[in-house]
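By letter and in written order, the chains are A, B, C, D and E; residue numbering begins at 1 in each of them.
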């Protein structure tokens, strides 16, 4: 469970409603089914027009990743790659074949398979990089579905408010209904601005970041496996992977001894 | 037929009007020929000024692609390229000449023709890449026609609203007409914001994405044909094309056996 | 004469005024010399501050290109380059010297001159590319003058409206003048938003596109002349230039026979 | 202590409140706990949704860097690198080992360690560059946390204002409370716009710039150490480091004598 | 003196005030010390928070460049470089040593010094390019100080207006003061929008352009000096420098004779 997503939504909506309640407003006055129908219906429709069906579905599916947490265990990956590098250096890359079945991560397994199969290094690099890029590009479209929802919602909110105001203006002769009518119209703005800024745009941002972290992790694996294929010294590999993953280097003294 | 385009437009306009009706508003009060004349006339004019005639026409023609669905059968393309690679490897590239006439896709046929004609690999690559880029760049201008319509419509909508309000202000002495006049003015905003966010901007987005997918498909073909020319191993080619197209790799075990 | 520029301006302003007239508004009520003075004076001043004199003058001069149409006869250029390639291949590049004086296009003549003079290919490439880039970069600044006018005009329009409203607010005691005063203030918004969205921004867009097409044409010439210098096969050159210019390739059958 | 951060916040808030007081407004009327709850609670929640926990924490921690000043002693670094280059040229790179323990800067020490350990130059370059890039990319996400807060705050401010206005509209029957209610609603806008433009966005800008300067400093060290490894002439190194750091070159005469 | 800066500011402010006066407004009514205090104080503070002290000072110092004109005598530079190339070709690069003291431009002198000192060509190129880039990057931050002032001023203007309106709303019971109060509040918007669009943003634009032109000039010098070091033919150098600087090439006939 992604604690900042759940916590953030609860905090944002909770504190806004709390403030509203403390101010003496009724929470009920901002619950309006017709405004919701206009804003969320209009936004849904606009997003459907804006994306092919496949991308739209991908965006909907990706929504669950906003709420779940994947472990990006970068140090674990680094440690494992260094271990494989040590084995490969000592016993040759074919010795990694036995390790293959215990590898759970499908991308790491796929990359190691190339090494074990003795595929040419430049083909391995091209294929792994193409796979990383293609997967990222495809998934990022899913994040853009939410970003575009965050772009359309506030303007559809304004549209809903203006529609409400038109309705109010036609009934100016009955001033007693004026305030309530305008209030109703404003709820559309609240729904449009609120859903965009508390849900849709933050969702898009979190998805992009998570996809970026996953891409970094796979790039680390690809670099590591390619270095193993080249027979790089395990200690140098560790230093390189630490640098790539932005981890602090061990203190110089420790480095010294390792050398 | 592109189901998300049709469905999205129906959903957006339908749900907005439904919400409006439930609220007690008359749909008729947002149908105004003069407001439509101002907003769509003004937007049309601005877009015409903004683009050369050729681009404007291209944009208009491209509109039908928003409503139609082209099959991007990437796995089919991959399978066919792998088949050709197998033939070329076994019988030489000239053996592909017989296959040429059964190829329906004009770009694939054109690319294979280069191979069969024995054109130099670097010339083939330069020409195919230049053709892909030039076609994409030209067509994307057509998508930008819709994007710019989506940029001008809301501001022309504001212009229409302000023009309406000026009209209202001059007749302040007759308060009974005030509300109706303002309502009329607001309809211009509804048209500008609505057409931009439900039609023009989503159209531009969908067109760009479809052009991008078409470009990816042609890039896949170009890469495949160039690999055939180089005599790449069909199995390696399949792996590479799968990576490029972002398809999931087959499970490692399957891979193993194939090797 | 650029028909979409003229037609677009006439359509936009005409249809907006027609809508206004049908609505019962007086066109005269949106003609106000002082509002025009504020908006166009302010925008002119802001643009002058924003650009060096040379760029400002270039922007003003470039305005006529918005209204005139230059023929971008890409197929003609391609045909001519292929003809020269055929001559150069048969009789050597010096045979092109006689053709030089009948070349009207100064850039093509300049490029051919390099070939006839026997200047080194890499120097020719560097110089032609530098010339194309430098000319484009310089001219695009002229388009940006209009773009920045389109950026400043709406905000100066708001400034004019607020100035008008300040004036209105100070005379609140005389309600009979209220409506007219506000109407006057709103005209400033109309001028700012209208001039930006119907003239300045579309002008900038059209100029950029025309400069881009001119750059493409010169790049085509440069590529063609460099290929002539390298002694490329005229048929391959034709295919390459067609690809570069985004023209449809001839049907595969035709290709076949030509080969 | 970062004097422009402290001074800027004091100046901005102080002068705005002073202006408000001179105008006869009560500062107390813009202090409202419920508006603060809505705006800052809503913004906090939106930012939490928008970033993974690790990034959010990094952003919070980075906030102290907005208020503290780190010395970017570029000339000192240059002088030291030139000194080490002189030693390395005279006595070999191993002579730098004795210097290692007196180096306080961890990045410089880490870089020199590579040289002393005799690690291959291309590995040193790759590792140092990867470390610089990864550290910058990770930290810049922290700055983006503040940037996104600056993006959400004004829209949540509008949301708060609209919520307040809805509350006002429902009580239109009691005009005596109208003004106060609207004033309360407007305070939400003040909080949203003010916090974004005086705190959040400037914080993000300052953080990015400081991270950029730190990156420049490390790039300078990396270039210097790599030049030392290559055995570059100390005078040439000094000239190169000065150029890289944008320092004025010494007058030509001085240069002359040094040569 | 930069005539478009002075002329532009005079034109913008003069014509806006003239329009305001013709409309019957008192210029005095838009002169308000407290509004100025709020807007300019708030903007100053925000900019201080947004930049380190060194950048802020650079931005302030750069302001004078908005008002002064530097001669970018590109043809003069070209002529001089061609002259030096002729000397270097005839008498060797050391013959340029005598010319060094009559060179006023410090960058040209510095670049020639490298040639005379016999520094390696790739070191010369790296150092000159690094110096050009570093100087440009540093100075462009100064232009961004003005750009950010142009970004903050309108929002601080809105903040000032809302603060004023809050003050007005609290005194709704005295309608006679209503208009004046609102007018005062609006002046804040005028100051924010006006200073951003007539001063700050145009200043930033002009500074960036001037820095860009200076960068182009230095790049021209660097290219020229490097060509001199390589012993390029002076006529070819002239053609190349003309192309780089975007100057029209001489007519083909003239070229011909020169050859």
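By definition in this document, a residue touches a chain if its C-beta (ideal position, glycine included) is under 8 Å from a C-beta of that chain, and two chains touch if they have at least 3 such contacts.
Not measured: the values here are computed from a predicted model.
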*Count how many hops through touching chains it takes, at the least, to reach chain D starting from chain A.*
1
*So which chains are sitting against chain B and chain D at once?*
A
*Between chain D and chain E, what is the separation of their C-alpha centroids in Å?*
24
*Express in whole angstrom the distance between the two chain centres, defined as the mean CA positions of chain C and chain D.*
40
*Enumerate the ring members one after another: first chain B, then chain C, then the rest in ring order.*
B, C, E, D, A
*Using the touch definition up top, name the residues of chain C that touch chain B in the complex.*
2-5, 7-16, 18-20, 22-26, 29-30, 66, 154, 176, 178-180, 182-183, 186-187, 189-190, 193-194, 196-199, 201-203, 205-206, 209-210, 213, 236, 239-240, 242-246, 249, 252, 255-256, 259
*chain E residues touching chain D - in the complex, by the definition given at the top*: 33-35, 37-38, 41-53, 55-56, 100, 106, 109-110, 113, 117, 119, 123, 126-128, 130-131, 134-135, 137-138, 141, 148, 152, 155-156, 158-160, 162-173, 184
